[in-house]
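After this come two complexes, each holding subunit A, first together with subunit B and then together with subunit C.
Now for the complex of A and B:
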C-alpha cells in the first residue's frame, strides 16, 4: 500500500484518475459502439485536435497569465514541418508530428525567450506582431510552404479514420500534462508569476526558466496539433494555418471554457466546435460577431467562463445540502 | 538621390497620419492604463463611415470628417460607459480589458461584413489621382491634405492638453487618479471623455487612411500594431514624442522598399514592434511606458 502511495503523487486523487480513465475508455470505444457516420467521426477527430491545442494554449495564457494572440504561428510551423517531412515518405507519420512539434516548440522559444519578460498587454501585443510577421513570411516563402497554393500531403488510405484514436490519445496526454503542470512545482510557480512577478522572483521562483519551459511545451503541443491537422486534411495552406483567426480561436476556446482552470479550455473547445458547426451552416454571416459577443459577456459576467458557471452551481448545491 | 528625397517626403507625409492614429491609442493608454484593442475596429469603422457618406450621401470625405469624428466619439463613450467601466481596475484588469475590447472589435468586424460585405473598398474622389510637384518630386494632393489635417489635429490636441482646464485634468488623472478624486476632479467623466476622444482619433485616422489605401472589414489590425509601436517608442502624453516616433516608423517602412523585396515590407512594422518591445521598452525619450 505504501509503495503504491509513493508511485502516486499526493496531488493526484484516485477518483479523478479513475474518472479520467473511464472517459478515455468510453471515447475509445465510441466509434465501435455507435457506428458513427464518417462525418461525425471526422468532426470528433477535429474536435480532439482543437481541445488539445486549447488546453496547451492555457498553459501559457492561463496558468502563467501571458495571453498569446500568436499561437497560430506555432500551429503553422508544426503543420508545415510535418507536411514537408511527410512528403519525403521516409518516416511514419506520427514521427512527422513529433518533429513538427519540436520545431514549433523551438520557434516558440526563439521569439518567446526575449518577449516573455514583457508582461500583460505588452506581451499580448508582441505576440500579435510575431503571429502576423510569421504569417506574412510563410505566405511568401514559396519554397517551404508552397505559398498561396499550399502543400498537398501524400494520402494514406485509412489514416484519416485511424486519426480518431491518435488524436484521442494525444488529447489524453495533453490533459494529463495540464493536470500535472497545474499541480506541479512549475505550475505553482506560474501562478505566483501571474499574481506578482517580482514577489515570485524574490521567493526564488525561477521566473525566466518556468515561463520559457511552459511556452516551449505549449508551442510544441500546438505544433503537434498542427501536424495532425495537416494529416487530417492532407492539404494545408498558409492563410488557414497561420491566419489571425486561428490564433483567435485558441484564445476564444480557452476564455469561453475558463482561462487558467485545468480542464475549462477543453469545455470551451467543445462549445466552440459545436457553435462553429451549427453557426456556419445556419448563420454564416454572424458567427464572428457571436464569438465577440460571447467574449464580452464572459469577461463582464463570468471571468472563469463555463468552468466558473459550474463552480457556481456546485457551490450552490453544496450550500443547499449543508442547509438541510 | 532624387528617389531618396521622394521617399523622405513620402515618409514625412505618412508620419503625420501615423501620429494622429497612434495618439488615440496612447491617450487612452496613458489615462486609463488600458490598451484599446478596439482601436483597429474604430479605424475600420471610420473608413467605412467616410466611404458610406461619400458613396451614398455624396459628401466629400474631408467634409464628412466632423461627422465621422462625432460618431466615433459617441461609439467610444458608449463602449466606455457600457462595458469598460465595469471591469476591475489595476493589474487584474489588464488581460480582461484586452479580451473585452477584442470582443468588441470582433463584433464591429462582423457588423462591417454584414453591411458592407468583405469586398475591398477605397474612398475615391475626383482629386484622388491629382498630383503637384514639390522640390522636383510629384506628391499626391490627397496625401498633402491628409498630412495637413493630421498636423492641425495634433496641434489642436497639444493645445487642448497643455492650455485648458480639461487638459490639465486629463494629465492629472493620468498621474494619480485617487488624488484627483480628492481634489474634486470628476475622474469618471475624464475617463469617459478620454475614451471618446481616443476613439474619435481612431475614426478620423480610419477615414484619412481610407482615402489613401483600400480597406475591408479586417482592416485596422496592422494599424493597431503600428500605433502601438509609436506609443511605445514615443512615450506617453507628448505630441512631439509621438510625432518623432511616427516619423521613425514611417521612414523605416518607406526605406525598407530599397533593401527588402516588396512583399516583405508589410512585415517590417511587425518585426519593428517586437524589436522595440525587447530593446527599447522604455521608449526613446525616457518617458517609460512600461510600468
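Now for the complex of A and C:
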C-alpha cells in the first residue's frame, strides 16, 4: 500500500483516478452491453478521435495560450503519412498511426519553432497561413496525396469495428497526458508563459523549449488522430483533412468546453459532435454560422465555457452549504 | 575577487544609446545601490545583465563565467535573477504557484521539493497566509514581496532589485529595507538595487554607482557619492550642467 502511495504523484487524487477508470471501463463495456446500431457505434468512435484531438490542441492553445488555427495541417499530415504506409501493407495499422503522429509532430515543430516567438493574435494569424499553405500544397501534390481525388486505404471491416476500442484507449492516454502535463513542471511553466512570457523567462522558465516541446506533443497527438481517422474512413482527401473548418473545429471544441482547463475541451468536443450531428441534419447551410454565434456567446458571457459554468455552480453550491 | 563583473557594456536602441560603456563590479555579500535620474539606463542595464535583452557590446561575467549572450532562463540557472519595477505576478496562478515557478526553474542545486521551498520563501517574505490566494487580491506591497519571494525561490547568488520600494509607504519601506539586509546577511546573496528613494539606498548600500544618460558618472561610498558635484548636477541640473550638456538644456526647456 505504501509502495502504491509512493507511485502515485501527489497531484493525483485517488477519487479522480477511480472516476477516470470507471468511465473508461463503462465506455469499454458499452458496445458489449447495449446493442449499438452501426451508426451510433461509428459516431462514438469518431467522437473519441475528436475528443483526443481537442485535448491535445488545448496543450498549446490552452495551457500555453498560443491559439492555433492551423492544427488541421497536422491532422492531415498524420492522416496522409499513415495512409501511405497503410497502402504498402507492410506494417501493422497501429504503427502507421504512430509514424503519422511522429511525422505530424516533426511538421509542427518545423513551422512552430520559428513562429512560436510570436504571441497572441500574431501567432494565430501565422497558424492560419501555415494551415492554408499546407492545404494548398497537399491539394496540388497529387503524387503523395492523390490530389483532389484522394487516397483509398485497404478496407478492413473488422478493424473498423475494433477502432471503437483503439480510439477509446487512445483518448484515455491523451486524457492522462493532459492531466500529467497540466500538473507537471512543464505545465506550470506553460501557465506562467501564458500569463507573462518575459516574467516567466526572468525566473528561469525555458520559454522556447517548453513551447516547442508542447507543440510537438500536441501536433503528434493530432497527427495520430488523423491516422486513426484515415483508417476509419478507408478513404481520405486533402480538402476534408486539411480544411480550415477542421482547424476551427478544434478551436471551437476547446472554447466551448473551456480553454486551458484539463478536461474542458473533452466536454466541448462532446457538445460539438452532438450539436454538429443535429445542425447538419436540420440546418445544413447554416451550421457554421451557428457555431460562430455560439463562439461569440461563450467568449462574451463565459470565457471558460462549460467548465466555467461548472465552476460557477460548484462555487454557489459550496457557498450555500457554508451559509447553512 | 568579484562575483559579478559588468565589462564595458553598451546597449543601443536605434540611435539612442541607453547604456554607454558601463563597467562595474559586485563583490560577495555586497549591496550595491544604483541611482540616477529617470531614463539614465538603470533598468536597461538590469535587462542586459539578466539576459532579457542582448547587449550591443561588452560582456557580463559571473565569477569567471561569461553570462552575457545566454538566454534569460540560463542566466537564472547560473544564479542571477531580477525583479521588475512594475510587479508582474502570473495572474492565472495562485501566490504559492507563482513562487513554485521560481523554485522549479531556478538554479539546479536549489530545486529540491518546489512546494516546500515555495512555502519557505513565502514565510520568509511574510506572505505565508496568502499562499492559496490569487495574486491580484494582494496589496501593492504584498505583490512586491511576492515578486521578491519568486526571485528568491530560484536560489540566486546575485539578486537585481528594480525599485522594490517605489509606491510603498515609509513604514513599509523600512520593513523592506530590513528584509533586504536579511537577504544579504543570512542568505549571503549579493544585491544590486535600483532605487529612487535616496534615504533608503544610502542607508542599506555598501557602495553606490550613479548612472546618467547611460554613462556611469560616479561610484563610491554613499556619503561620498552624494557630495560629488557631477551627481548633484545630474539630479538638480545646475547651470554648469546646462552649459556642459546642450542635450540636457534642451530637454529641460521642453519639460513643463
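Assume the second predicted complex is superposed on the first by the 322 of 324 C-alpha atoms of A that agree within 3 Å, B and C clash if a C-alpha of one lies under 4 Å from a C-alpha of the other, contacts with A are read in each partner's own complex, and residues count from 1 in each chain.
Throughout what follows, a residue touches a chain if its C-beta (ideal position, glycine included) is under 8 Å from a C-beta of that chain, and two chains touch if they have at least 3 such contacts.
Keep in mind that what you see is a predicted model, and the values were worked out from it rather than measured.
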**Message:** Please determine, from the superposition on subunit A, whether subunit B and subunit C clash or fit.
**Reply:** fit
**Asked** Does the superposition put A:200 against subunit B (first), subunit C (second), both, or neither?
**Response** second
**Message:** Touch test for A:177: subunit B only (first), subunit C only (second), both, or neither?
**Reply:** neither
**Message:** Under the stated touch criterion, which partner chain does A:31 make contact with: subunit B (first), subunit C (second), both, or neither?
**Reply:** neither
**Fill in**
Between subunit B and subunit C, the one with more contact residues on subunit A is chain B
**Request:** Would you please give the vertex angle at the Cα centre of subunit A, with arms pointing to the Cα centres of subunit B and subunit C, as a multiple of 10°?
**Result:** 70
**Request:** Return first, second, both or neither, reflecting whether A:208 touches subunit B, subunit C, both chains, or no partner chain.
**Result:** second
**Prompt:** Of the partners subunit B and subunit C, which touch A:191 in the superposed model: first, second, both, neither?
**Reply:** second
**Request:** Check the residue A:147 against both partner chains and state whether it touches subunit B (first), subunit C (second), both, or neither.
**Result:** neither
**Request:** With both complexes overlaid on chain A, what's the closest CA-to-CA approach of subunit B to subunit C, in Å?
**Result:** 9
**Message:** Considering only the defined contacts, which subunit A positions touch subunit B in the complex?
**Reply:** 65, 67, 111, 114-115, 118, 120-122, 124-126, 128-130, 132-133, 136-137, 140, 244, 248, 251, 255, 259, 285-296, 298-300, 303
**Asked** Okay, in this complex, where on subunit A does subunit C touch?
**Response** 185, 188-189, 191-192, 194-196, 198-208, 260
**Asked** In the complex of these two chains, what residues of subunit B are touching subunit A?
**Response** 35, 83, 86-87, 91, 94-96, 98-100, 102-111, 113-114, 218, 221-222, 224-225, 228, 232, 261, 263-264, 266-267, 269-271, 273-274, 277-278, 281, 290
**Asked** Contact residues on subunit C for subunit A in the complex?
**Response** 50-52, 71-73, 76-77, 81-82, 84, 88-93, 97-98, 100-102, 104-107, 114, 150-151, 153-154
